[in-house]
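Labels A, B, C and D are assigned to the chains in the order they are written; within every chain, residues are numbered from 1.
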Amino acid sequence: MTRPSCQDTLLIKKRDLKNNYFSATFRTYSRVDQCRPGQFVHIQIPSAEIYFRRAMSIAGVSSRRREIEVIFKVVGRGTRQLGNLHEKDRVNLLGPLGVPFRWPRKSETAVIVAGGVGFPPLLYLASEMVKRGHDPRRIEFFYGGRSSADLIERSRIRKLGVRFHPVTEDGSVGEKGLVTGPVEEFVRRAPNRHLRLYGCGPEGMLKATNELGVRLKVPGQISLEAPMPCGIGICLGCVVPLVGGGHARVCWDGPVFEIGEVAL
Amino acid sequence: MTRPSCQDTLLIKKRDLKNNYFSATFRTYSRVDQCRPGQFVHIQIPSAEIYFRRAMSIAGVSSRRREIEVIFKVVGRGTRQLGNLHEKDRVNLLGPLGVPFRWPRKSETAVIVAGGVGFPPLLYLASEMVKRGHDPRRIEFFYGGRSSADLIERSRIRKLGVRFHPVTEDGSVGEKGLVTGPVEEFVRRAPNRHLRLYGCGPEGMLKATNELGVRLKVPGQISLEAPMPCGIGICLGCVVPLVGGGHARVCWDGPVFEIGEVAL
Amino acid sequence: MSPDLRVSFAGVEFANPIMTASGCCGYGEELAKVYPLSKLGALVTKSVTLKPRLGHPPPRTAETASGMLNAIGLANVGIDCFITDKIPFLEKQKTRVIVNVAGSSLNEYVEVCGRLSDIARVDMIELNISCPNVDEGGMEFGADPVMTEKLVAAVKKVFPRPVIAKLSPNVTSIATIAAAAEQGGADALAVINSLVGTAIDVETWRPRLTYNKGGLTGAAIKPVALAMVNAVHEKCRLPIIGIGGISNGSDAVEFFLCGATAVQVGTALFIEPDVPVRMLGELKAYLKRKKLSSIGELTGKVRKY
Amino acid sequence: MSPDLRVSFAGVEFANPIMTASGCCGYGEELAKVYPLSKLGALVTKSVTLKPRLGHPPPRTAETASGMLNAIGLANVGIDCFITDKIPFLEKQKTRVIVNVAGSSLNEYVEVCGRLSDIARVDMIELNISCPNVDEGGMEFGADPVMTEKLVAAVKKVFPRPVIAKLSPNVTSIATIAAAAEQGGADALAVINSLVGTAIDVETWRPRLTYNKGGLTGAAIKPVALAMVNAVHEKCRLPIIGIGGISNGSDAVEFFLCGATAVQVGTALFIEPDVPVRMLGELKAYLKRKKLSSIGELTGKVRKY
């Protein structure tokens, strides 16, 4: 089991990915070997206006260099401040937190549905699958956005050798439309149904992916977001209602949930 | 009259002066031409723990480049944060604030008594005097500290051509002892008594300078410090008692006061 | 068409809903050097008392997390000097003038307000029945509904123009005090004054204020102030001036939505003296973006769950 | 010689004066994955009620300046599940266990406390008579001295070990409520629970909490909490547990100086779950530097002006 810890790290690389996206790499993070795709770190942002940490999915790690990467989009006060950090700034990370994605079986095809800030954990997931020997041709990576500018770091997905399906609402890259259209098409056409869905992205996309999985009986998981005061299950602030009744904490019981589990 | 204003400036140069002293130069400050020695700027520090601005004397300005310099010592949370700023960081300055020093007459000898963070405004004062044609040999610059490391930027004073008298408690540079000893000696020995005292520094030094001025009937001014919530006279937080009764606001009625005016 | 920032209450019209709070803008002289006071909906003076007061010895302010403590102790020039020295300056300012009055007894309040009654430049009086920083009077009045009603009624008898009661947050039910002030004849309510608080220097074991405690203000108290404005608005029909931790247009909108007709800015002036000017722009832009034509369309419109 | 961090009150000894506050550490299971709970002086559980409660729908927390609002609504597993599921875990923890109890009627409090009476692992009960986030019970009890005294007395009859009354800051005089709790037989006081507050989303005009208001906690409220600990300490001889905005050793020292015997850390755990561990080091270093041998040498020692 991972034991989360708070630790100071050094921002050693910051890359502007355009369209308000940034990649930030922190060193030296002692828990890199315990990180799993789907988990997140809770980042403390040194600023007058920010009180809570901000949750960011792990986008990748380098065991050798003890580096951890997050990819974030500037959407509000906290992420703006994060985007203003300088290389060599000290940043406190609490993590790794949350329940990771479950691995697909070798025989299964992973159908990844990514969008917006849901992309980083799925990039990490696909990278790790490939690294651990999952056949890249058994990874179908659907990546949706409004326009080509929303689909960041495409070269990194391509390099993995997975089957990459960009989809944009304006058709500026890949198929035109909402990503869940082509996903459904693929699922319906899949010759054998040894599929496993992995979804993370904006609310609409998550809902559609969840609904699709339930309707077509494809197992899989989705990763949720919620504002998170603590990130470690002690404040009860980040709850979502479950289909079976009751609440689950997104930070501790999730953020990864089984398809059909959460009342979205 | 100067009309203080808040404005964003760019930290364009930061120099580590050792012993926890830093010099910071900000650009582009629109009010450089209104700044006078003895005045200060109130600096907003972007940080979670700092709510008030921090007052810093103006240490110098460059009209041509619209730059303003402050020299500060890291003594607490705010100045620590200030010391952590990066070049190109945006910093909001409110100023210029406060009553400046009065100029000596050409015939008068300025006896400057500086110590600690009281040095920067007196450096500015001496520089401006020389620039405006005051005979540098009629400026006696006494500069006291515990040890040579406390006497920063000595070369800048020397360059002015003024009569420089470093004094240290451990004798590591200049005369040994407290700075007010040599000052009193000088005042007593001064052939004609057309002297004008200018004091700024730690509490003990200020008290001694004030007392010396009163006792030996040397006119002059001292510049005080006080924690300053607003810096512009509206909170009544920074008051000091006056000898004649009543309170004065250090930020608005000062920070420069006549010798003998304040009940120290 | 530019949105209309004017508001009016108690029969008085204000150019805009942004006022500077008592004790945070002196008598206006210093701020007038930073920007013309005509930018303000109104200036609320430092509390004026019958006799001049030096206030408590320093230190009388302390910085706290997103806020500050003060125990100035009602330092002010006294009503005589106020009338002879400060009114002439205020006569020339193109803004509404609200004089905040404090006292240690009912008679003192009445006497000061009486002295102001025939000075037409004084558009309104704001009764400080909520100062946590004096031994007598101050908060005592504002914690007791009976005394609150009596005091407001007495002042209304001697001052012919509108009277605002400024309420203390240091009570079990602010709505009860608000109702008492309404009963006494108050024309409007100012909500809130500062919260009692303190801070200790762990090196010297001394309180950070010579008065041993003080009033907490600034961004830290905004949530408390909003809840109290809302509680008063639900129970009382008087117009409300929202106060507490306001430092931008969006903060002001929160207060309007909770029931405020106007707002006062206090501690934020210390950090950014021209915050009211910035807020005017932000409010205008907000109304425009939301396609609203006046502040009144916000007042009390919070959509509760 | 290392300074002694042990404190004791109401006949119970604690390894150190740092506790985790109710509602900010669940039942201990999650924090135990970050560090051994033996580091804590005591763990105070989330409020337990007779029946399980889901709490209010999300959003039920909101960030504010140096603080937060919460209206969790006493979400908890209920006393049955607490005893069967949570007590076994707590049995294994080498720390003091204080169970915080809430209810919507006197009978409910008494029933829950009665159920806990023969579970030896429950070292103390903390009565939450100050929750601002439920419609019934909660703060009502803590705002009324008569009900406070009655409730404490009733619980004392059914629970044989010490009972702490946790007081609300949303009152005119916390010292009066403290005296009532003492009268009722309370063994100690916990000061303070959260301040009522709210925040509004200016885009949607909705409160940021579905309960429309919530409790303000965190660094923002520390000055208020300190003043209240001090006020209670001046009027009442019961040991006090200081709570409100504590996030480091120096904050704790401020509370000790104002009269606290122990402290609880709440919101700070959300930002830094191992803050109690860091604080232990800071406290030790402080005592050493000040040449003090125990926390008791600080309690109530503020040097007033």
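Note that contacts are C-beta pairs under 8 Å (C-beta built on N, C-alpha and C of every residue); 3 or more make two chains touch, one makes a residue touch a chain.
Nothing here was measured: the structure is a model prediction, and the numbers come from that model.
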- Query: Hey, how far apart are subunit A and subunit C in touch steps, shortest way?
  - Reply: 2
- At the largest C-alpha centroid distance from subunit C we find chain A
- Message: Can you work out the whole-Å distance between the CA centroids of subunit C and subunit D?
- Response: 34
- Approximate Å spacing (C-alpha centroids) for the pair subunit B, subunit C: 37
- Item | Whole-Å gap between the CA centroids of subunit B and subunit D | 48
- Message: Nearest whole angstrom, what separates the Cα centre of subunit A from the Cα centre of subunit B?
- Response: 54
- Hunt down the residues of subunit A that sit against at least two other chains at once, touch-wise. 48, 50-51
- Query: What positions in subunit C touch 2 or more of the other chains?
  - Reply: 64-67, 218-219
- Task: Answer with line, ring, star, complete or other to describe the graph linking chains that touch.
- Result: ring
- Note on the structure: Pairwise touch list, complete, is A-B, A-D, B-C, C-D
- Note on the structure: In the complex, the residues of subunit C that touch subunit B are 23-26, 30-31, 33-34, 46, 54-55, 57-61, 63-68, 70, 72, 75, 218-219, 269-274
- Can you list the residues on subunit B that touch subunit C in the complex? 1, 3-6, 44, 49-53, 94, 226-227, 229-241, 246-247, 252
- Task: Mind listing the subunit A positions that touch subunit B in their complex?
- Result: 46-48, 50-51, 86
- Item | subunit D contact footprint on subunit C (complex, rising order) | 64-67, 69, 143, 170-172, 195-200, 202, 204-207, 210-213, 216, 218-224, 226-227, 230, 245, 250, 253-254, 257-258, 286, 301-305
